Each structure stands twice: as structure tokens, then as C-alpha cells.
Amino acid sequence: MSVLEANDLNVWFDLPHGGRLHAVQGVSFNVKEGERLGLVGESGCGKTTALLALMGLLPPSAEVAGSVTVNGEEILAGGEDAMRPHRWTDVAMVFQGAMNALNPVKTVGSQIEEPMKFHDTSSGAAAEKEAGDLLELVGLPASAATRYPHEFSGGMRQRAAIAMALACNPKVLLADEPTTALDVMVQAQILQLLLSLTRDLGLALVLVTHDLPLVTQVCERAIVMYAGRVAESGAVDTLFHDPRHPYTRLLFAATPDLSGERDVASIPGAPPRLDRPILGCPFEPRCDRAFDHCKVETPSLLEVGAAHRAACHLNDGSLERPSDREAAR
Amino acid sequence: MKSVEPALAEGTALVARPSSGGNEIVRVLKERRSALAGLVIVGFFVAMAVFGPALAPYSWTQQSGPVYAPPSSEHWLGTDDSGVDVLSEMLYGGRTSLIVGFAAAFVAMIVGGGIGVVAGYAGGGTDNALMRTTDYFLVIPDLVLMIVVATVFGPSLSHVILVIGLLLWTSTARIVRSQVKSIRERVYVRRARSLGASHRRIVAQHILPQVAPLLIATTVLTIAYAIFDESALAFLGVGVPGVSWGTMLERAFERTAMTQGAWWAFVPPGLAIGLVVIGCYLMGQAIEDALNPRLRVAHLSIKSWRFRTTPNVAEGDAS
Amino acid sequence: MSDVVTAPPSTHGGTLLLDVRDLVVQYPVRRGLTAALRREPRTTVSAVDGVSLSVRHGEMLALIGESGCGKTSTAQAILRMVDAASGTIEVDGREITHLTSKELRPVRRTMQMVYQDPYESLDPRFRVRRAIEEPLVIHGMTGSSEERERRIVEALERVELSPADLFIDRYPHELSGGQRQRVAIAASLMLDPKLLLADEPVSMLDVSVRAGILTLLDRLRRDGDMGIVMITHDLSTAAHFADRIAVMYLGRIVEEGPAHEVVRNPQHPYTKALMSVVPKPDPRDRTVPQILRGETPNPIDMPTGCRFHPRCPVAEDRCKVTDPQLHTARGAQGQAHRAACVLGIERGER
Amino acid sequence: MHRADYVIKRLAFAIMTVFVAITVNFVLFHALPGNAVSGFIRAPHVSPSLRAALTHEFGLDRSLWQQYALYLRELVFHANLGVSFTDSQPVTSTLADKLQNTIPMVFVGTSLAILVGIVTGFLSAWRRSGVVDRVSTSSAIVFYALPTQFIGMVLILLFAKYLPTAGMRNEINNYFSSGSTWSNVKDIGLHMALPAATLALTLFGEYTLVVRSSMLETLGEDYVLTARAKGLPQRRIVIAHALRNAMLPIATLVALSLGFIVAGAILVEIVFSWPGIGQLVYSAVSNRDYPMLQGAFLILTLSVVFFNFIADLLYFKLDPRIAV
């Protein structure tokens, strides 16, 4: 059974000068215990908003619809107040750029212990001990608890942030670009840490990133998002070797690899604006295999294989596709 | 290797956003009601200072009614301790107060802006020396020094303007300096430098236009302080000779208008000063807030996000 | 550091466009007041500590390393934005290390930089036209207005922003990140530079547009005789687009050679480790990453001997004493592939 | 890490500032046209011999450098700021007396302003755009904009019937200090009500506005989002995270303005005839009593420097990131 399940998640933002932006449009996914799921896409595709919506960490200008359940219990529908007890105990988060995510005037230890006290999981000397243990678990000395965030390097800070996320034994760890600002070697260290945590603690991980190789190396399954929607979802192996959405294929093609042999090409154009309705497939203007029907109907997410779904008309056998026409010729 | 990408690259899809033309101040006035209100208030008093004396019903020096006559149809704002029409005095006095306010703020803008730009752009030792000087000016109690200097030099319009202006530049200098320091490190400035552009060119083309909105905002705020200081100097008897809102307050106080219940002798100038200061504050603050990116996000507020129970995607899109 | 045996590899012929020898860049270390009172000596830290590199016409060199390795300082020294403590920099056969700022002015035309942040690379108040013509104005090369207009349009088309009319009157905030980066490149092309230094030109862009910018740079140097130094932390990008790769660690080049050779057959333990941790797009290609412990040490406390030895997985005792120089590596395919590791070289000589 | 260096540096700066202030003070009064004697002896019938005698007495016949050295020596070793022109009393003792009167009134008024300012600023940032915010922000702006003397005058107009409006004690208490301690305190308290209220009304607006804006800035910081993600209650987030960080600029502002308040109280003291240092400055200005004015100016600068240093120490205490 899934620990965390999001169903038909929608997020709208009221724009300051009128109008609304439909940032997340009917996104559904789930993670099991110990499973690692990647959420990939370009900036503005709604991946971070979707992640924040899971914990209800949205501004007042946001409106949310859909459901989020942890072990079958609905946590989203009750709004901010009902969400509060679930934060950190059920779902915890590691933010991008731990420099700003940690309070600069509080010791690392006190920031780890803080949620323990408020969720009554531990307090006093026990909490202090636990904080020290957590720091050691993430590869920092227990004495780091008495230090301030600015005394740490970027990598150490991110470790401290991970220790903080583990404070209340969450079932799911959400990580938003946890390695973006870090050097490659430090990035590898942090990823290894996340991997071992999911393995040893049975933690489910949702990793949000723009970096495809990161997801294919760390996660088992991934969701490729485009323009607020799921373009394709499935096992990372399937996504790489058998992509069924042109966007997935083109995104891989745009990513250089070490061999230096494969061609890399950028995807022309830019993602559509989300503050107005989109007719047809949102990727159609940039797609290299679009055909007439793509302009008219928005493709729905269809099963294209075992645990493999894609939102592309090319997978719909009933439609006449350009390739069919070519084949007929 | 390396495929050739389609000729249009990303050329087809422009990220369309309303073109502002880059004039922040006009935009702020358009978008923020408080800034517009401030402009209207200040504009009203400026107009009054320009045209007021011509409209004054009576002389501002000659007695035109009984002493401390309450407001009436002849004297809308009553008369003062020597029977002079208060409204006429207000109209004349506003001119002095505003001249001092604007001129002193201008002096502060030139000195503070100049020092700020030089310190921020030059950096290093120059910056250090200038900022140390500024620090010293910051700890001098303005009002007392103004009193001392005004006393030593004797009261006159230009002295008051200079004294106020030369003591109010410090905050302008600090604000401008830190802004210049950050602009100096922007990539386009670094590139212009690496191209061999002269300092004069970089300052004139890249730096000044960028700091201008902030400089104007602080100057507008300085006007408020200057008008304040003028009234304080006047109250201490070392202000501008002649009539100003400050001297009106002072005379009303000296002649115990409060205990005689002659509120009309000091409420109009007091409120006028207050209104001009509010006007300047609203304008200056609105521009400053608009320029401060840190105020754009709030991660916490009383309202929270809403949950829509019946998800209706179509409705959400339609609005 | 001065006894580099082999000259910079110029076996393929062609004149050197950029020739940097034994470059050292130092910054003073701020000492505290107490330290000053105790009369502790003023210390400097060498951000670049004896770097030699060269670029030929039409060649792209990738300078690789983690933050703090000195790659950006190297570029700034080449551009003469910071002064070299020692060493020489020759551009197109002319020694520029000690030129005065006046003498430097014409030289600056030949070297241009492309910066990392496309959101800060253009003055928000300058329309595209003005941003692109700025270099001409600075160098007093404006010419007639038709001539200028033609050159601006030409530059826009060269960076594939066509039709130029669509872009020429835009403000930066109306452009996407990739478009801004293209405008910035167009501006740097206006003076027909011979050498382009690109500092992480795509790291702040979306994945889907990165390749476009890189391909553009690639084409520019192939079309003309421009040389490009690309500073990047991304090995994959370097492997794809560069002719040669130089890997830097703590102010030194630790390995250098033709891109495909360095990537396929890394010689220095640091390069090997870096390669192993680069995430591969193919999930089946899950190599065991060789993760180095800790982080790059502070150059103020430079390790003795080989500066990599405290983190080196194969370090031996002598690595603590011997400071290795760049030499043709044992497993290298050709003279041009060199590494600064005692172990590699000795075994190679044996 | 040399955190101690910071304190030493700031202390050195404070001492330097004091020195600069002393020098500026000297230059202002001695080197500028219209020296003390020519100002003092404005009466046209002063005989040249008296003029010369006075000139000698004030040391004005020596070179500037000698005068400066003398001035420094007297000031540093004997705390001697000279003798008042008006009553021939030592300036230092008069200043000390007047400070004793000023400080309690200023303390009450300022504490009130700080309290009201922090509470209203805090609440209006927390309840941004709510009713509380609107009311407290607009009243803050209004009181911030009204001149001090005007607020004082309006208070006199409104409360003259109920509260004393001038002086510090009743005549009786003043001349026959026979009353009990309690009646004395009560008397002073009543007299203090209006001036302290004026001071509080003048000052609180700026505090409200600064507290509000620095709170709003911290509410936009990422660590506030982190705190929310941790499931902390709003109250805890606002107090322990946002306010704690907003305290940095607030503490500086408060300490700095404390320094200026003694100077700022001049207007209040004049309006309410409060026999403090402000009154002293006022009468020194009208009597052209330069030694007194000079002494007062120095004391007021010293108070700014002192509180400036306190602000630095506070910052040091509050912000662990401080290093040289």
C-alpha cells in the first residue's frame, strides 16, 4: 500500500493584477514505503508547487483541489490547520539551498529539536540526544548541534537540513532540488545519504529536480511534468529506453552524457503560459511529432504499458497519425 | 556530432510580459493608491505655495480683525494674537516651509547621492573613508548641531537650508552606496568594464539610471524630515525670518494660544506640516517598498490557502 | 611549478591564440584585529597557483573543477580583471600581463566574456539594440546609423535570434533566459573577438535550451577562428562540446588533454572520482560512484606534497612530500594527455 | 573566528567618535566667526578693557592650538567644560543637574513608545492587511508626521484642565521640600504625564513602522517556510522565528534612537517647561551662553555614541554571524 498518495491535485494562484494561474493541473501519484519517486521538469512546470501542495505549504493566494492521503488518511481537505499535525511527523521536507532554509540565529541542534517538542515526540535531554544521533546518522558529529548554520559549508548545511527533516520519524521525505547549489562531489555525497536513508529507514522519497540523470540514478520511478500536467510516468528504465511522450524523449536528447557521442539538441520554443486556457496538447507547439489532432484535443494520461502512462495522442491507436500516413504512402 | 538545432531556436515564443518601459516611479504611482494619495497631497500644497499668496484674502503682516477671533465667514481660519488673518499667513508661510523642505532635501540628495555613488563605486579605501565620515555624521545629534550652527551663523533662509541639508544627507548616502555596490557587481557592469568603458560612462549609463528611483524615494522622505526640522528650528527661535508654518506654531505657543482656547492659531499649521509629511512618506515609502524584493513574499499570514471541495477544472480556467 | 617539461601541446600546428604560463593569482587573507596586534604576518592565498594553458584558433578548451578550484580567477586574470602575481599571459602572440589600462584597451576588444547569469547579464533599462551596440559605442566604432543597424541585425541573426525585428526593440524582461544569453553573446561578438571566455554559460538555464546555447558557441568557433575557454563544473557538457579538457583542483591543473581521452581514460585519481559521480542519464548505467570524503580544503591551509593527497583514495606516503607536476601519463594515448600524479607517471616510466 | 575583535573595533570606533565630537565641538565654537566673547559681549557699552579681560579669561588671546590643548586637558582630566556666561556656575554641574530631570521623563516616554511601537508593529505585520494593520499603520503614520511641539500644544489644549502643563513640581513642593516622598513622586508623576505622553506619541509611529517592515521582511525568508513545514503553530513561528530575526534591526533602531531622544526631548521640554537639558539648550541659545551650549552639545553627542555602542553590543549578542 502507498504511504503517500496524491489524487487529481490542482493548484491555482490568484495573480496580483487579476487572473488566475493554473499551476498544477490534475496531478496524481503515489509512493510506497522505501520507494524513491522523481518529479522532473523545467522551471515553471509546477513540480515544486505540487510538492509544496502535498504539505499545504502554499501562500494565501492559492486554491487547492484534490486529495492527499498518508496511509489512507486524508490530510489536505481540512486546510492549513488540519494539515499542521501531519507536517514533519508524516511528511517532512528538505528545501533547495539550505542556507536560507535554516534560521541563521538559532543553533542547528535547537532547530532539530524544535519540531520534536511541538509534536510531542521527544523533549528535554532525550530530544537533545536524539538530535545528536540524527546528526551522526547524516554524517556530522553530534557536537554540530551547538553550532550555527553559517559555520557550516553548503554540503554540511544540507546534511543538517536532512537531519532536521528526520526529527519526527516521517514516513515520507520530500526533497526539492536538494543538490542544486552544490558541487558534483558534494552532490554525490548527499545523494548517497538520501539513498541509504530510504534503504535503512524505509523512508519514501519524493525528489523534485530539473536534472534527469539525477532522477534516473536515484529513483525507481519518475513523473515527467510539463505545463502543470503529468506528461509521462513510469519506471525510470522505461522512461529512458521506451519514452512514450515526445517531451520525455526530447528532454533526454537535450541532456549531454559523458560519452560525448550522442547528439544533443535543445527543444525549440518555450513552455506555454498557464494563466490562460490551453487548447489542445500544451506541448504541441514544441513537439517534433505533432499532428492536426494535437491542436484540438488535450490528451489524457493513458496506460501505455505496465505502470507506464503517457499523455500523448501518438499512443492512441484510433487516431490517424502522420507516421500512419507516411507508412500508407 | 552535435546536431544543428532548428533555425528559430527559442525565437518563436517570446515571454510576453507587459512592457513597462522601465520607469519604476510612474509604475508605482499607477499601481499603488497610497503613492498617488501622497502625490495628490504634496501636489496640493505645492500648488498652494505657488499660487497661495495671490489668493490670500488679507495681508499676512497687517492686522485685519480682532485678536484671536475664532473662524468666521470673514476669517475662515480665524485670526492670530495680533489680529492677522491665519489663512493668509498659512498661504504665505507654506511657501517658506516648502522652499526649505525641497531645497534642503535637494542639498541632501546632491551631497548624499554624490558621496554614496563615489563610495559605492570606488570601493576600497575611498569607500572606507567616506563611510567613516558618514558614521560620524550619523552620531551627531542633528537638531542640536542645527541649533548651534544656526545660532553661530545667524538665521537666514539660505543658512537654514544649508544647515538642514548638510545634516540630512547621511541616510541617503548609505542607501545609495549599498545599492551602487550591488549594481557595480552586476554582470552588465562588469562586462562594460571589461570592454574598457570609462568610469564616467559606466556611472552615467548603468549606475545612475538604476539608483535614480531609490534616490528619488529617499529624497522625498528627506523633504519630510527637512520640513520637520524647519519647524523645530523656528520653534527654538533660530529659524527663517518671516512667516512659516514653523514660526506660526512658535508664536501661538509663545502667546499661549492653547490655554486661551485659540486652537485655530496652531492647528492649521500643525496639520499642514503633518499632511505634507504624510504625503512625502506615502510616496517615498511606496517607491522604496516597490523596489524591495524582500517584501514580495510572505510565507506566513492570517489568511491561508483555500481548499476547493468540488474540483471543477473548467471553472478554474475560465476565470 | 616552473619546470613543466613539455611545452603546451601544439603538435597539431596552428598558432597559439592564448598562452598562459605559470599563472599565479593571489588574494590577501584578511587577518583579524587580534592577529594584527600579535603581529602575525600578512598572508596571501593563492587561488591560482602555477597554471599553464593554451588555446588555439578555433579551439574550445573546457576548464573543469569544483567551486574554489581557481577556474574563475584564472579567467579573470586572463581578462586582466585581476592582476597576476606572477606568470605570463600571451594573447595572439602579445604579452598582456603588464600592459597599462590604456594599452589594454585595444586588447580588450579581442577578448570577451560570457557570464553565467542571464538574468543579470543585461541592463534592465537597455533595449536589445542598445545592449548590443554598447561595445561599439565604448570603442568609438559606431559608424553610420545604417551601418550600425546592419551590424546589430547581423549579430542577432548570428546568435539565431531571427527575425531580428522581433527582438531588437525588446527589454530584457521580455525575453526568456536562453534568449537573454543569446543577446549577451551577440553583444560580445560585436567587436569580433578572437577569444571568448564563457563562465558556466548554461548552468542557470533550463535543460531544454542548454544544448542550443552550447551548439551556438560550438558553431561560432568552428565558423571563425575564434578560440573559446569554457569554464564549467559539468563534465558531460565538456565532454560533448570541448576539444580539450583541463581539470583544476585547488589552484592547479591536475589533468589535461583531448576531451575524449580525458573522459574515456582519466589518469588522475581526482578526475576518475569526478567522472564516477557524474549522474548518467541511462538508468542501466549505474556505476559505483567513487565518492571522495569531505570537501575541497581551504587553500589557506594548503596540504603539503600533492595537494590532493588528503582526499586521494590511492595516496601513498610519498604523496605527502612530493608535489607532482604535469607529465604525460602512463596510460595516456598520446603526448598531449598529461596528469599531475606521482603514481601514474612512475608506473608509466617503468 | 575573532568575535572579540568586533567588540574591540566598535569600542575603538566609539572612542574615536568621542574624540572627533570633542574636536568638532571646539572648532565650531572657537574657529568660526563670531567667537564667544564677541557673542557674549553684545552690549554696545562694554568697555575695551572689560573686553580684553574677558578675552584673556576665556583664553581667547592664545593661539588656537594652545586653546585646543587647554580645552582637551581641562575636559579630560578635570571634566571641566568651563563656566556659564549667564550664572558663572561650572557648566558640568549644571548639566548634571538638568540631566537628572531629563532622564526620568525621557525614560518613561520612550519606554511607552517602544512598547506600543513593538506591539502594534508586530501585530500589524502578523495580520498584514487586516483591520489591526490598517488602524495601527495609519495612526503610526499620522503621529509620525505631526511635529512634536504641535502634539504637545494639542495635549495642552485638551488636558490643561486636568493635568499640570508646566514645570516638574508644584511651587509648594519646589520651595518647601517638606512633603512626603510619596506626594513628591505623585507630584512629579502628574507633571510628567503630558510631556512623557507627547514624547511617546511622537516616537511610537517610527517604531511601529520599522518593526512592521522588518517583520514583513523576515516573514518572506525561507526559514519561515521551513518552520511552517515543521508543523509549528503560527504563534511559535511568528515569535521564535520571525520576531527573533526581526529583532536585529529593531534593537539597533531602539538603541540608536535612545541616543537621540535626549536631544529630541528639547522640543518637549520647552513646550512643558520641563527643567531639563533641553530647556537648558533653549535658554543657552537665547542667552548666547556658548560654554553651556558647547557642554550640552557634547553631552548629547556622548549619549548618542554611548547608545550606539550599546546597539553594537546588542547586535553582537543577537546575531551569531557577527565576525570581523
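In order of appearance the chains are A, B, C and D, and numbering begins at 1 in each one.
The working rule: a contact is a pair of C-beta atoms (placed from the backbone, for glycine too) under 8 Å apart; a residue touches a chain by one contact, two chains touch by 3 or more.
From a predicted model like this one, the values you see are computed outputs, not experimental measurements.
Chain B has its Cα centroid nearest to the centroid of all protein Cα atoms in the structure.
The interface with the greater number of C-beta contacts, when B-C is set against B-D, is B-D. Distance between subunit B and subunit C, defined via averaged C-alpha coordinates, is recorded as 47 Å. Subunit B and subunit D have centres, each the mean of its CA atoms, that are 24 Å apart. One simple way to say how far apart two chains are is to compare their mean CA positions; for subunit A and subunit C this gives 33 Å. Each chain gets one centre point, the mean of its Cα atoms, and the points for subunit A and subunit D are 55 Å apart. Those residues of subunit B in touch with two or more other chains are numbered 1-3, 5, 8-10, 13, 15-16, 297-299, 301. In subunit C, the residues that touch at least two other chains are 176, 178, 209, 211-212, 215, 240-241.
Residues of subunit D in contact with two or more other chains: 221-222, 225, 228. The touching residues of subunit B, when paired with subunit C in their complex, are 1-5, 7-11, 13-17, 19-22, 186-188, 190-197, 201, 205-206, 209-210. Looking at the complex, you find that subunit A touches subunit C at residues 42-43, 153, 155, 183-189, 191-192, 210-214, 216-218, 236-237, 240-241, 250-252, 254-260, 264-268, 270.
Residues of subunit D that touch subunit B in their complex: 13, 17, 20-21, 24, 28-29, 32-34, 126-128, 130, 141-142, 144-150, 153-154, 156-157, 160, 165, 213, 216-217, 219-222, 224-225, 228, 234, 237-238, 242, 259-260, 262-264, 266-267, 270-271, 281-282, 285-286, 288, 293, 296-297, 300-301, 304-305, 308. Contacts from subunit B toward subunit D in the complex involve residues 135-136, 139-145, 147-149, 151-154, 224, 228, 231-232, 235-238, 246, 249-250, 252-253, 257-259, 261, 263, 266-267, 269-271, 273-275, 277-278, 281-282, 292, 294-302. Taken in their complex, subunit C has these residues touching subunit B: 79, 81, 101, 104-105, 108-109, 111-113, 115-117, 120-126, 131, 134-135, 138-139, 160-163, 166-167, 170-171, 173-176, 178-179, 182, 184, 187-188, 191, 209, 211-212, 215-216, 218-219, 240-241.
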